[in-house]
Structures are given as C-alpha cells and as structure tokens.
Amino acid sequence: RRLQLLTWPDIEEYLQSSRSILIPIGSTEQHGPTGLLGTDALCPEVLSRGIAARTGALIAPTLSIGMAQHHLGFPGSISLRPSTLIAVVRDVVTSLASQGFERFFFVNGHGGNIATLQAAFSEIHADVSYGMQSNRPSLQFQLHSWWMMPSVRARSAELFGEAEGSHVTCSEVSLTHFAHGPHMKSRPLSPKIAPKGPIGDSRDFRSRFPDGRIGSDPTLANAEAGETLYEAALEDLCAAWEEFAKTA
Amino acid sequence: RRLQLLTWPDIEEYLQSSRSILIPIGSTEQHGPTGLLGTDALCPEVLSRGIAARTGALIAPTLSIGMAQHHLGFPGSISLRPSTLIAVVRDVVTSLASQGFERFFFVNGHGGNIATLQAAFSEIHADVSYGMQSNRPSLQFQLHSWWMMPSVRARSAELFGEAEGSHVTCSEVSLTHFAHGPHMKSRPLSPKIAPKGPIGDSRDFRSRFPDGRIGSDPTLANAEAGETLYEAALEDLCAAWEEFAKTA
Amino acid sequence: RRLQLLTWPDIEEYLQSSRSILIPIGSTEQHGPTGLLGTDALCPEVLSRGIAARTGALIAPTLSIGMAQHHLGFPGSISLRPSTLIAVVRDVVTSLASQGFERFFFVNGHGGNIATLQAAFSEIHADVSYGMQSNRPSLQFQLHSWWMMPSVRARSAELFGEAEGSHVTCSEVSLTHFAHGPHMKSRPLSPKIAPKGPIGDSRDFRSRFPDGRIGSDPTLANAEAGETLYEAALEDLCAAWEEFAKTA
Amino acid sequence: RRLQLLTWPDIEEYLQSSRSILIPIGSTEQHGPTGLLGTDALCPEVLSRGIAARTGALIAPTLSIGMAQHHLGFPGSISLRPSTLIAVVRDVVTSLASQGFERFFFVNGHGGNIATLQAAFSEIHADVSYGMQSNRPSLQFQLHSWWMMPSVRARSAELFGEAEGSHVTCSEVSLTHFAHGPHMKSRPLSPKIAPKGPIGDSRDFRSRFPDGRIGSDPTLANAEAGETLYEAALEDLCAAWEEFAKTA
Amino acid sequence: RRLQLLTWPDIEEYLQSSRSILIPIGSTEQHGPTGLLGTDALCPEVLSRGIAARTGALIAPTLSIGMAQHHLGFPGSISLRPSTLIAVVRDVVTSLASQGFERFFFVNGHGGNIATLQAAFSEIHADVSYGMQSNRPSLQFQLHSWWMMPSVRARSAELFGEAEGSHVTCSEVSLTHFAHGPHMKSRPLSPKIAPKGPIGDSRDFRSRFPDGRIGSDPTLANAEAGETLYEAALEDLCAAWEEFAKTA
Amino acid sequence: RRLQLLTWPDIEEYLQSSRSILIPIGSTEQHGPTGLLGTDALCPEVLSRGIAARTGALIAPTLSIGMAQHHLGFPGSISLRPSTLIAVVRDVVTSLASQGFERFFFVNGHGGNIATLQAAFSEIHADVSYGMQSNRPSLQFQLHSWWMMPSVRARSAELFGEAEGSHVTCSEVSLTHFAHGPHMKSRPLSPKIAPKGPIGDSRDFRSRFPDGRIGSDPTLANAEAGETLYEAALEDLCAAWEEFAKTA
C-alpha cells in the first residue's frame, strides 16, 4: 500500500488497526562509472514495495536524497547536511505522529544515512525527554539497512566474496540490474577491485577513490544475483516488519 | 534523462554542454476523499519525465514532500516546515552548484510550496550578496507551477469553469486519472462544490473544509481531460525549459 | 493609535473589544539615484498612520528592514536573510499572541518581503499543525502590499502607464514626495526608462540594473500624484482592515 | 543624516570619507501605567537624530524591537528572542560591511538588549576568528546605553535620587515628555516607589512588579528634566561618536 | 558534592530538600606565555569544590569550554560561538529542570562568557514568556564571576594594584599557582605590563596584544596570593550560595 | 600532555611536529543505583591521561556532557540534544583547525554519543564538500569507544560473560572502581541481571529499565577487574593513537 496512491480516508481507516508505517530512505550519489546515481534510493524503494505487497505495510514516499557529502566531488551526487536531514526526518515523523502514527520502520539504502538517522530519532525523542511534548505518546523507531540483513549478507558473501566491497557493491548493483536493468551501463573499470580507506570530505574522497568505488568489483553484478538478493532481503524485512507492526 | 538512472560520468559529460537542471517538486497531502495523497508530487513527476523525453532535459529526483502544514489535520498528509524546506532546497542546489550547475528550473505541483521556494532562492542568493561566497557564480532559478501555465489555465477554464476550485482541482485530479488511473477512488462528495475561504493552520483548515476540498467538484475529473491538460502543460513547460536552458 | 505611544493598560483595554493589530513592514534598500533608501518603510508607515487615524486601528512599530538581499550591491541597502525575517515575524506575532491578539494585518511596502512573509505565517501555523502548541487559538494573517491594492493600480496606470516600472516605481516615489517631500533628490537618469529582467543575487542585480531602477522613469513622480495614490491606497486598506477587524 | 532619507549615491559618497555608522536600537515594552510602550526606541531615536544634526553622523533606521521577554506579561510588549536578535544584528552588520562599513556605533535604549548585543558582536567576529571569512576586514563595535553615559547619570542622580529606579525610570520618562510630550498619560501609581528584585521570565516578572515599574517613581518625570538629560546625553554621545568615527 | 561522583538515587534524595544546583563554567584559551590554557575552567572548578565542601552544594560537571572567539589566534584556544553556548546552557538547564531543579547558580571563570550566559538565561525564560512551556515553573539564575566578588576585588587591589590587568590577571594566575602549582611556567614577558585596548576578532586581538596579555604583569602572581584570593572568593561565594539555596 | 595545563607557546611548539589531538568525550547520566553519574566521562578521561602519559599525545579538555536524552528520566542525568552536540563538536574542531590541527582522535565513553559524533564529522566535512571552505585542509577523524576496543571486549567477556550487559556494564563500573574507588556505592539490586530492550525516549526508558541498568549485574564489578580493563584499553588505544598521529 503506497501512501501516495491512497486517500486520507484510506489512512484514517488504516489507523484503526495499525500505528505503524514504513519509510524508505536512500541517497542520490555517484556509484562509480557504471552504477546508477539513484542506486541507494531505488533499492529501498523496490524492496519497500515488495514488503507492502506481501504484508500490507503502508509505505511513505521514498526520501530519495540522504546524507552523502563525501560523494559531492562526483557530478550528479546530491546531499543534505546532517542537520538538514535531521530536520526532514523530524518534520516527517512529527507530521505522522500528529495523526496517530507511533511506530516508524525505516528501510535504508545508504550507509551514510545511518548515523544521522539515529541522531534524528534522538532529536525527536528529546521533545518528550526534556518535557517539551509530554502529551505525546512515546514513538518507536527501527532502522533496517537492507544490505545488512543477515540473509543478504549470507547470499552476498557466497556470490561475491571479497569483491563485494563497501561502496558500489556487487549486491546493490545486482539489485539495480534486477529492478532497473535496461538502464545499466558497462564501462571498463580499473583497477578491477577498487581501493579501500577511510571516508572524509569530498575532496579527500575523490583523491582516495578516483572512480568512486570502494573495495568492489561491480563487473560481477548481474540481474540473477539481484533477484536472489531481493528475495533474501524481503524475507528478513517482511519478518522484521511483521514483528514490529504487530505491537499495537 | 533521469539523473537517478545515469552515472556520474554521464553527468560530467552533460555539464560540458549545459549548466541547467530540472527539479520536480511536489507535496504529500490530502486531496479530498477521492484524490490521491501523492497528487502534487505525481503530477510534476510525470510532466518532468515528459519534458525530459521531448527536450533532453536532465531531471533530478522528485522532492515528494513539500510545505503543507495546513493539511496535517487529514491523515496521511506529510509536511516540512518552511524553514526545513528552505534548508533542503539550499542543500540540493548547493550540492549541484559545487559541480558546475548554475541554472535551476523547478517544476512545481503544489501552491503551498511557492512562497517557501522563493524564500529559499533568496536564502541561497544571500550567500553571494552578503559576501560570504563571492567566488560562486550567480545562480539562476525559475519556478513553474504546472497548473498556472497559460495553456493549462485556458484548457481548464474551458473544461471545468467554476468547478475547477483551488484544492483538489478538477485539473490535477484529471492528470492523475491520466497518469495513475487504476488507483483513483470514487466516493460520494457533499456538497457537490466545496466551500472556499482563507488558509490558516491545520485545525482551522479542517473546520472550514471538512472533506479537504476547496471550491472544487472533482467528480468532473477524467483521464481524457487529464491527457489534454498534460499536453497543454508540456507545450508550455518545454518551451520555457528550452528558453531557460539555451542560456549558457 | 500607535502602540509605541500608548501604555500597557491602554492595550489591555483595546483587547477587550478587538483581537486585531496592524503591522507595517517595509525595507531599507536603494531606490535608484533619486529615490530614498527608506521608501519601502516610509510608505507603509504613513499609510498605516492614515488607517489608524480613520479607523482606530492599533498599529505596531514599523518593521523597517526586510528581505532585500538582491539590493545589497548598492550602498545603504540593509537586508535580513529570509530565515532571519521568518524568526522576527514569528517572535513578534508570538509575543502579541501570548497576550490575546489573534488577527494580524500586515501593510507591506516591499515586493521582496511577500514570499518570506507568507512562509513565516506557515512557520507560525506549523506550531499548532504539528501539535506543538495545541492550546493556542488559530491565528489569522492578511498581507496587503499597498501598491497592489486595486484602487492604487488603477490610478497608477492612468498616471504613469508603462513608465511605472517595477522598482523605484513612479507611484512609490510620488508617495514619498507627498509624505517626505523636502528630502527628495533630483539627478539625471539614463536611460530614461530603466531596463527589465529577472532578479538574482546582488552582483547579478547590479550588472543588470546599473543605477538600481527596474523598468521605471521616476522623473514623472510628483507630490500631487502621491496624494492621489495615498487616498486611493487608504480607501482600499481601510475597507480591508474594517472587514478583517470586525471578526471577533 | 538619516540613511532612510538619503539615496545610494549619497552613501557611496559618504563611504569615501567614513567607514562608521550609528545604529539606534531600542525595545517595545511596557513602561508602567503611564510610560509609553515605545519609550526605549523613541529615546535612542531622538538622541541619534540629535547626534546626526551636530556631528554629521550617518544613522541607520532604528531597530525598534529588542530583547524584552520578561515584559511579555504586559499587553503591548513585543520581544525578539536572544537568538533572533543575534541574527538580526548579524544580518544588518553584514549587509553594511559588504559595502565597506567597518565601524558600528550602537545607541541603545534598553538594558535588556545589552547582553544579547554583545553576544551578537562576538557571533559576527567569530566568522573571522574561525577562519570562515578571512578576507573581511576586522569590524569594530561600540555600544552606548544613553542612560549610562556619565553626564546623564550625574544629572539624573541630582534630579531624582533614589526615585530614579531601574525600569520606567524618571529619566527615560522625562526624555519622552520632552520629545513626545502630548502623548504622556497620567494615572495614579501605587505604591509611590515601585518594588525591586531580580528579573526572570514574564510570569515571575509580573508577580514581582505588578504595574511594571521597578524601583521608580515616574511621577517625578517632567519635560524640563527631559531637556536637561537630552543635552547631557548628547554631550557625551557626540564626543564618543567623534572619537570613534575619526579612526579611519 | 560532585554530581559526577554521585548516583541517581542520591540526586533524587537531594531534590527532596533542595531545588538548587551549582554549575561551574569556564573557558579554554590562551593566558599569555606563562598562564595555563585551562585557567578559566580550573579556577571556577577548584572554587566550586570548595563551596561544595563547606556548604553541601551540589555541583554539576564543569563546562570547560566557553565563548572565547577573540583568543583563537593563539594555539590551544578553543571556543564555542555564542549561539552554540546558548544551546548548551539551554540543554543543560532544561535537562535538570525536567527533573525538578529550579535554581541555577553559575560560578564563572571567564569574562567573555558573561554576556552570552545572560542571553542564554533569557532564551530559556522565553519558553515560558511566549507561552510555549507554560507548565514549567519559573526558573531562577544567578551568575557569579569569581574575580568580581567584592572580597576578591579588595584583596587583588591591595596585592597587585594596576598590574592586575584584565586578561591573564595576577589574581587568576595566582589562583592557578595555588591550585595547580607544579604546572606553572616561567618565561620572560615584555613589556612588563601588557597593553590595553578594545576586544574584537581574533586577528585584531593578536595584533593589539601580541603575547595575549591585556594590561597585566602576571610575574607578580604567586601561590600565597592565590590562597588569599581563594579564601576571599570562597567567603563571598559560599554566602551567596547559601542565600540563593535557602529559597525553597 | 593536558592542553589545559599548557600554555599557547607550548601548543605552538607542539604543532611544529604534530597535527593531531586527542579529545575525550563522555556523558553525565544515571548508571543505576550504584554507578556514578559521571562514569562515561570519568572513564575516557582517565584513559586519555594514560595515553598521554605513555605516548605524549596532546589531550583536550574532556567534553563531559554528551547525548543522553533517554536517561533524563533519572535525576542527575544531563544531556545535549544531537543538534547541540553537533554544534559543539563543530566549534571545538573548527577552533583547533584554524590553528593548524588536522587530525582529531576522539576517545569516547558513551554509546549514545556515537551516531551524533559521526553526524558531526560529516557536518564539518560538508563545509569543504559544498565548496564553502575550499581553502581548509581536509580534516581526519577517528572515534574510539573504549569498551569496544578488541582487548577490552576479550577481557570483559572472560571476566563477566553475560552479566556484562549494555548499560551500567560490569566493565565501566570496574573501571570507575579502579579510578575513583572511594566514591562507589553499594545498594541492593533487583533483579540481579537487569532487563534488555530497545531505547526510546526517557519516559519509555524508565518504564522498561526501572533502576536504569540494561542487561547487567554490576555487583560483579571490582577494582582489580578495572585495572585489567584499563591496561587492555590503553594497549589498544595507544597503538591506535600512534598509528593515527604518525601521519603528518
């Protein structure tokens, strides 16, 4: 159930039986010479629609732009500052909480969002904790980064081993092959496996990782692997949602 | 050309010949008992893809959540505060400006965004005007609200006259029928034409406009009218984009 | 009735019969080689005093500095950022609302303020809409830009036609001649009618509009026309105030 | 020389020989049952015009609303939060600094502004100190609260002794008698000399100081004393301005 | 009683009989060639522990970093912007107020903190004054800068006369000799008595005060004087605390 | 080398050979009926002094108050909001970066700080990444939470097994026994091992974890174990510092 394709009386009715909502969140950032700039938003979006189809979860519109300041050295990357993303999440959650939602299940597509999202949850909780909004029910948050779900990690280790890497991973590129296949590019990549290292600002990032990849060889990615990973992710995410959403 | 489905080398190449980008922006908010919560984001998104198809414009991911505080009394509405939306637009524009983009063409689907977007453009310009970012080129913005394009207003006046209204308009509902037909709901609406009045906070709004509509009778909306309006909007928007983007 | 020249028991008494207040807001910015830097604040101030004299409206101190970042390239211009002006309006309104005011009637002298003021009203409404200040009554705002009142537009079209322009207009310069005559300067202007164009940052503005004027020939301005426009503006503004303020 | 009544070429010329500007700042807040709500803005305004007349100082528009949160329990009081006033002062100063002003002389009418103004100066300096605006010249600020000038304190001690008080002082009421005489009210005050005590929030303030006065008996105020104090203040302020402004 | 060395049940018990807490606040900034960078935090810390020992006051952790933007030109200086320090004080106070503390006694070691702390208190009060937190009790603040206590000023005038100065004072250096003697450095200072002047940004500061001192000759400082000043400060501060804390 | 006990010429000299600094960061929050409120600040402080003693690292003053909103339901807990802590870290780092520091090594004592600190690092990097501070060298950050160092985890697993828990852990209580022994309290704890669960706002936290502990039995803690853990932590932290600081 996509919130965007429903009406307000539909949501009013949904709230009779559930206080939970699923929010896909991603990023728009370089994914190397061949990965799509939208990879990190497209993946949680396709997975969220899968969860909704299987469980009846209500899904909010995808937050397509995340915290990706380190990628800004590569054209097409778009980032919110952490402080801006905190404000966005706060307003989105507070909007829904004012209508009765109490449980927020984020399906995340981008590692760079994790810390800021957790900070945002604390910023929201603080309104109650400091006594500013003592009438508001206590809100509950869960954050699931799809590529870290146990079933996904298991499959991806089998499929790609060390070549998986940590940015422009074989897994995420495979999932976009599966979901958005016709758009995938092929270009020569050199070195075959990209370098690794710490992440700093965008200038530092581009000098350490000249084509944008970190530790990966995404030429191994393919649509079939993407489907396998899609199923693995859905299995774990649907279970997590159902556990989360069953609490009144 | 959807930025999300391209790679960074594609954008690097695009920047060789253009400094312009199109950004669809909408809202997620109640559209009465039968209109989709996503109406205001889905309309600029479908139009932007049309513009891209016809002109080769590069389109950024749709900003699906806008400034809709007055709708929060109806479940499913999600809003950013004006100050948050200003920060989002500032970060998005500054991200792209750091890579060489200088001209930003917003295709807007929601009247409530207009004032805040114009304030955001001034907030961005201020960095240059106060001498904080004097090395940055002067950025140019245009904001086009699709339903206000002359060809759209002409068609919509012919098609719906007074019943068009100003929220949950026949035009926007028709465009969603055309673009997302299977999702449309049918429910009895009463009164046939909704009341009019000023817009305040969400409590005031819900008391003045009990089912969410303002001045409209969206039962007149239909997919055929939607297609007519789609073509009218594209005609004007493509012309505006081409005029805007031809300036180096 | 100027609030600055009254006492708190006077205001306490006023609140027995009215919840409405008039707030003049302007700007301090270049008005070409001959127009006063204070034009946009002086005009709403003189008009507001006229309204008060005729209707008994309570008028707050004039907010003399507005959002004028695009004029900063000309010495003497002073601007608030949009985000600062939002904070100012929010604090002013919240101060008065804490004492029982509920209806705020802004008389505006500067086009550049409009978007930011509307954003500010939404920012204030949001405190109620998100459930942060649910005990506060719903506040009502009206924004009247004096040069856009129908009677003023009619007179100014008759008096100046195309030469009116859109910045350093014949109308506003005439009104300052009428109200602050002795201070007006005379200097040669070239070209006679100033260029037109879009508004960006202050560097862009000064390069497009070298002497500060946009589309106008203020040599046509005169005190007699100023008096005509003053009366036209008062007629419409007094009517608007009385309609607004009669609502309890 | 009032900036509002000058043109941008006038200011351009002024900057040839001076980098200094005088900014009057006040407050809009209760001044007891008989003092004007505008007292703290009207006093620095009339004094600043006097300084300008005698020294040729350039004076910015009066900032009429200051930091007066503690007075909000009395109707008609209007306050900015400290954080808002810091932003206002920062924008005003940065506007003028971008045009070549380097020396800012504040004439202040309200004790509650002092701490926040000093914090604002540090906030502005910090842009240079943290290396954010290393190209900007070092700005200089002076803050003169008119009632604390030595000549004023001497006269006011002679005239009123203990009855001067610390809010709604005999001195400030006298100065408004002198400058805005016809507007002054007469009402019985009880007790004759108001209580003293610490200042907290507006609820605490109103309970400690039931009619708004602190420690004063403003029935002693009169226009003649006002003129004496006006001359005393001008003497010291003109000397301070000339010393400040002579530094290139 | 140091809060850091207690448990939450200890504080719960303390709150049965007292609503007051002592908060030491300092700064980390250059103190000339021989004074410790921590001087302004170490002094209020040692004094606060003394107060606690003699009166049973509860002391919060020392806020060791204050507002010292003007010192940033000297390595090792660390500053918060005024706006950041306001936020810190607001969060610290609001944390404790949510648990029942109502009276906050700041022992301050740095002149540069004073204005910002007073602004912070007003920022906190404003939540009540604007009607945002009307359920919260009115909070009370006192700010005591140890070197300004009457007994300290008397002793320091006797001990050092003019050589006391206003930064890197003989008094504060003596107090650190007494409390942290082994860490004190000896280096030649020239000129013997440092220059005086106004304080601006860090670049201006370093050019006016080349070794960091203002108006002082800290070679006169010594541990014996430090002990005298310690006792003088404690005498006044303990009396002030007891007066403050006895109010329920 | 404690920065607080050094002078600015000492730091100037240090910067000749190193661009690295160690910043201890903790929290002030309940640690159950027997653990010290200062535990999370005292532990990184004592460890940092140990690192400094063994490696010559320069250590900044301990940031004693962190992000602990969830603990506010227990008296004595003090928290910064995430947005405030981001501002603090930004100002501290920017202060030091303006003087030539480029490498920042945080030794952390509180799990609740981790996400916000990582967000803060990105907020700082963003100034370079968006082109706002392109002259600044790229800064490097490392964040080490002492209890997560491999040697500590190994020892703590041997010593306490499951009873370690995740708040008021046996390890941190042991370390405070070792470092601040005389202050430790003994009170009966029930149940012996505290419950586990997710962390939300302070109201939710106190209802899930009635005495403040999560999953731990701190009655097993002791000074001898504390010393073992201290040595384990120092071993790993000194190695990490030396690796980090050797990079020019």
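When the chains are written out, they are named A, B, C, D, E and F in that same order, and each has its own residue count from 1.
The definition used in the following text is that contacts are C-beta pairs under 8 Å (C-beta built on N, C-alpha and C of every residue); 3 or more make two chains touch, one makes a residue touch a chain.
Since the model is a prediction, treat every value here as computed from it, not as a measurement.
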item	value
Chain pair with more C-beta contacts, A-C versus D-E	D-E
Farthest-lying chain, centroid of Cα atoms versus that of chain F	C
Maximum centroid distance from chain A, chain identifier (CA atoms)	D
Rounded Å distance between chain C and chain E, as computed from the means of their C-alpha atoms	46
Whole-Å gap separating chain E and chain F, where each centre is the average of the chain's CA atoms	24
Between chain F and chain A, distance of the C-alpha-averaged centres to the nearest whole Å	29
Per-residue multi-chain contacts in chain E, two or more chains	72, 79, 81, 83, 91, 95, 98, 129-130, 202
Chain contact graph, described as a line, ring, star, complete graph or other shape	other
Touch relationships between chains, expressed as pairs	A-B, A-C, A-E, A-F, B-C, B-D, B-F, C-D, C-E, D-E, D-F, E-F
Interface residues, chain E side, partner chain F - complex	2-12, 14-15, 28, 30-38, 41-42, 60-65, 72, 74-81, 83-84, 87-88, 90-92, 95-96, 98-100, 180, 183, 185, 187, 202, 212
In the complex with chain D, residue positions of chain F that touch it	91, 94-95, 97-98, 133, 136
Chain A residues within the chain F interface of the complex	67, 69-70, 72-73, 79, 81-83, 86, 112, 114-120, 122-123, 125-126, 128-130, 138-141, 198, 200-204
Sites on chain A touched by chain E in the complex	129-132
